[in-house]
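We call the chains A, B, C and D, going by the order they appear; numbering starts again at 1 in every chain.
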Amino acid sequence: MEVGFLGLGIMGKAMSLNLLRHGFKVTVWNRSPSKCDELVEYGASTAESPAAVVKKCKYTFAMLSNPVAALSVVFDKDGVLEQISDGKGYIDMSTVDADTSSKISEAISSKGGYFLEAPVSGSKKPAEDGQLVILAAGEKTLYDEVIPAFDVLGKKSFFLGQVGNGAKMKLVVNMIMGSMMNAFSEGLVLAERSGLEPGNLLDVLELGAIANPMFKLKGPSMIQSNYSPAFPLKHQQKDMRLALALADEHAVSMPVAAAANEAFKKARSVGLGDLDFSAVHEIFKVQEPPS
Amino acid sequence: MEVGFLGLGIMGKAMSLNLLRHGFKVTVWNRSPSKCDELVEYGASTAESPAAVVKKCKYTFAMLSNPVAALSVVFDKDGVLEQISDGKGYIDMSTVDADTSSKISEAISSKGGYFLEAPVSGSKKPAEDGQLVILAAGEKTLYDEVIPAFDVLGKKSFFLGQVGNGAKMKLVVNMIMGSMMNAFSEGLVLAERSGLEPGNLLDVLELGAIANPMFKLKGPSMIQSNYSPAFPLKHQQKDMRLALALADEHAVSMPVAAAANEAFKKARSVGLGDLDFSAVHEIFKVQEPPS
Amino acid sequence: MEVGFLGLGIMGKAMSLNLLRHGFKVTVWNRSPSKCDELVEYGASTAESPAAVVKKCKYTFAMLSNPVAALSVVFDKDGVLEQISDGKGYIDMSTVDADTSSKISEAISSKGGYFLEAPVSGSKKPAEDGQLVILAAGEKTLYDEVIPAFDVLGKKSFFLGQVGNGAKMKLVVNMIMGSMMNAFSEGLVLAERSGLEPGNLLDVLELGAIANPMFKLKGPSMIQSNYSPAFPLKHQQKDMRLALALADEHAVSMPVAAAANEAFKKARSVGLGDLDFSAVHEIFKVQEPPS
Amino acid sequence: MEVGFLGLGIMGKAMSLNLLRHGFKVTVWNRSPSKCDELVEYGASTAESPAAVVKKCKYTFAMLSNPVAALSVVFDKDGVLEQISDGKGYIDMSTVDADTSSKISEAISSKGGYFLEAPVSGSKKPAEDGQLVILAAGEKTLYDEVIPAFDVLGKKSFFLGQVGNGAKMKLVVNMIMGSMMNAFSEGLVLAERSGLEPGNLLDVLELGAIANPMFKLKGPSMIQSNYSPAFPLKHQQKDMRLALALADEHAVSMPVAAAANEAFKKARSVGLGDLDFSAVHEIFKVQEPPS
């Protein structure tokens, strides 16, 4: 199977390598061409532009760093649009907002091409190990055709329906995660203030029905007030806000998510926005002996 | 090691059997004596009253169904108090409130006895398999002495400090659990209303950082509006209330738990109190096309 | 009309004086007898104990500073209980909790006496001006009989039904007030942060549908971060907590009151409990440029 | 003073009449010309288009029903823009969003004209009585020049700074109002469920520190579950949402407003969006005996 791949950042490079290792013929392109070299060593071909990649390959994957880059490779000169045509498929695995996704989808379709948005859950390590979770939405036929590639890139892929649903699914998951992080923080502070060892709480949680990787990973550093940013609090709060906006559209009342969102805003208001989202823990702490 | 055991309900019977199987000499008592018979087949002795058990054994465990029963075996005629004395230990593994625990603790201590409260997390199956989680608090010396028994009864035991801390730890855990259940319910409703398959949400959650046994167990039945009571909603709400009261005492602000508590109250107000606590899901559903 | 009056603090003294000025014959008693002197100048008689007052008068009013004092004048030696009897009425206008009120009510009734709880809204100035609002509950017959006295003491009296209802009404009113204070504080902070003059907000509010004396009185000092305690924040938060507990009993979900309660708790947690309840304003302020 | 007036709906007609009665020379225009007739009887002149009005008058006021109409009279053929020029002023008193206001403001300024947004608080009756509250923002010079007109139209006008501030002020006020309505509804339900007469609660509130016209006006109909729409719930909820979005921009945490917003959303979700915003009362009611 011959595929194109646009974007060789940390994620894209790891993903292209996995495709090569599993026997795919891969034609790569990256804005800075030097990043293509290592892939060539592993057997990749290169092309001089997104348009050239699409001209050569039936299926082209993209993994760009942000919405601006995602739009640029499609709409700019020598971009995807110039060569996309009947029967060709374009699969954008970047994490972008619904509007960006829709614009790309409409442009591709208007030229007769097929489109999938396919944002992933998982970062560098799962990308290298082919253990991503892929949230695809758009053209079902295209999804079925590229399953062999998704099987190499991820441990699991989902087809979620129309374009936009991939982004929505990420919002819903992140919203639940944000509320859980608040509940967890409240629990840690309550434990400590009422004379329990927070470390014991972590151990008890780990053995029960609500044990989960996030509590296990973040708990110990939260106890030490260590909030090195893995997922910045301001981004978590933005996702809470977008999930609440989605809920507003559909008249879904979400009082717990709303309370969690306000707590994240409080954290932003005291300058914690660039720390890890677990830093919301700080705002629940009791600063003075209560009167 | 020779131990006494008071209370042979579902939990107590399974626990006594485990002790017998692991070589403990066990003297049992139950309010309805017939329940002792099966244990006798497995090698247990019997005694005619709590007092008689305590007279015979250095360590006596109890697993009663509620605070009234827990107080009764201690304070009534022929109760524990009549025979507890210097060097004897009493370990109450029932789930009771802090007041009940304190009363028993003070009475035992005033006679020179040692006391542990040791509520457990886990129900019938973990009790049979010796896989309970034991939250002990009270006399550290006694805790150290009965560790061999705890090792048989549970997969893990904790010593949490002074009497009352076992109950507090359960409250903190249940509070986090209650907030999580609300966040999960909100997410399920938002997913469905915004055009996603709730079943896909469960699958995506299961593969990510917040995967946990509760979501996995409850999710599928919640999607089918099936809320057979494992942990009744009114009890979950009571625990939220008590956790919030504990937080009030220590001036800990817990906006997410407070929002979750009001949602559970709303569920009670529409008659869902006797269903499983996951029935809070119902109150987030959208009943009419929004205007 | 001849009445007794127990308790001559700031409130009780002003109230007794009003009764005297309007032609009532008043027999007063106070724990420190010196406070009776001024009343005597205005025509009051004195008696040496609560019992002596009740023996002499058909109707005895009380205005004590707290529940301990309220219980003491009834149950202690030479207390009200010793002389209360068929046909005599006891009207306690102190602000006490429902339990205290119930205890006194039962004791009075068991001797054949009639009882009213009648807490008031309003402090020194309204007491002096006979402009209190009286929230009476208990024996309706007694209420009807003492209306002439209530007409002198207050601008309006209510009969609210069974004993306890006076206290409940105060809780409901204070709960609404506490939520309003939070809404007002949020609005002041939002105005300021988004480039509006908080003073203009006060002026606009004053001219509209939600204009109220509290916004008018507290607004200007809140803008200057001046929170001299008129009603201490910790007492407001206690009332929110009690109102939420009452709501819990009746399965009433109150998400806004719950959020306001957590905000007041947050204020306590940073040491603002002894300031005026308007100090909750402080916790909404933004301390750092948000990232 | 000669002024133009665009838009003769319920509000615009009443406002033009007031100007005429106080000696202003008024040139009116309305999309359906028939509405101009009555004004002509009172001495108004007419013009055939917004452009013609502006050509004739130094100052032109507008009171249109919605953003679409507000944009149309400015940008369409024969619109305001065609004749606005150096030294002329345009005062838009319609209630529109910030974006609409900004577009109009920029267009007017680019032609050398002066602009004020001046949304009002108050509906038909205050418009007729010249008792509106005017929230003006934009060009201070223009504000100063048209004060004589504002004095006729309103009981009070404010100059709030840059364009957009009028709309923001309305949002802040409506947000406080929405939270208050929730607090009030919770109180009414709590009163009733705990054995108090809601009517007594209204009377007590009316006599105290939080008495306000809204409680007085809405309370009696809310008790009768009468929610004829004066201000539709869905519009109130939209304003809460916009106020929360404004707060998000400035990192202001508003947990009480957020809880109130979710309650309004809940009300929308059960089909109450087209009723009066006081219909949020319905969602706090207890439907079943709690278990």
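The criterion applied here is as follows: a residue touches a chain if its C-beta (ideal position, glycine included) is under 8 Å from a C-beta of that chain, and two chains touch if they have at least 3 such contacts.
In UniProt terms the chains read A, B, C, D = Putative oxidoreductase.
Since the model is a prediction, treat every value here as computed from it, not as a measurement.
When chain centres are defined as mean Cα coordinates, B lies farthest from chain D. Here the spacing of chain A and chain D, counted between their Cα centres, is 42 Å.
Mean C-alpha positions place chain C and chain D at a centre distance of 38 Å.
The set of chain A residues touching two or more other chains comprises 247, 251-255, 258-259, 262-263, 268-269, 273, 286, 290. Chain contacts in this assembly form a complete graph, since each chain touches every other chain. Contacts from chain A toward chain B in the complex involve residues 121, 133, 135, 155-156, 158, 160-162, 165, 168-169, 172-173, 175-177, 179-180, 182-184, 186-187, 189-191, 193-197, 200-201, 203-205, 207-214, 217, 243, 246-247, 249-260, 262-263, 284, 286, 290. Put simply, chain B touches chain D in their complex at residues 234, 255, 259, 268-271, 273-274, 285-291. Within the complex formed with chain C, the residues of chain B that make contact are 241, 247-248, 251-255, 258-259, 261-263, 265-266, 268-269, 273.
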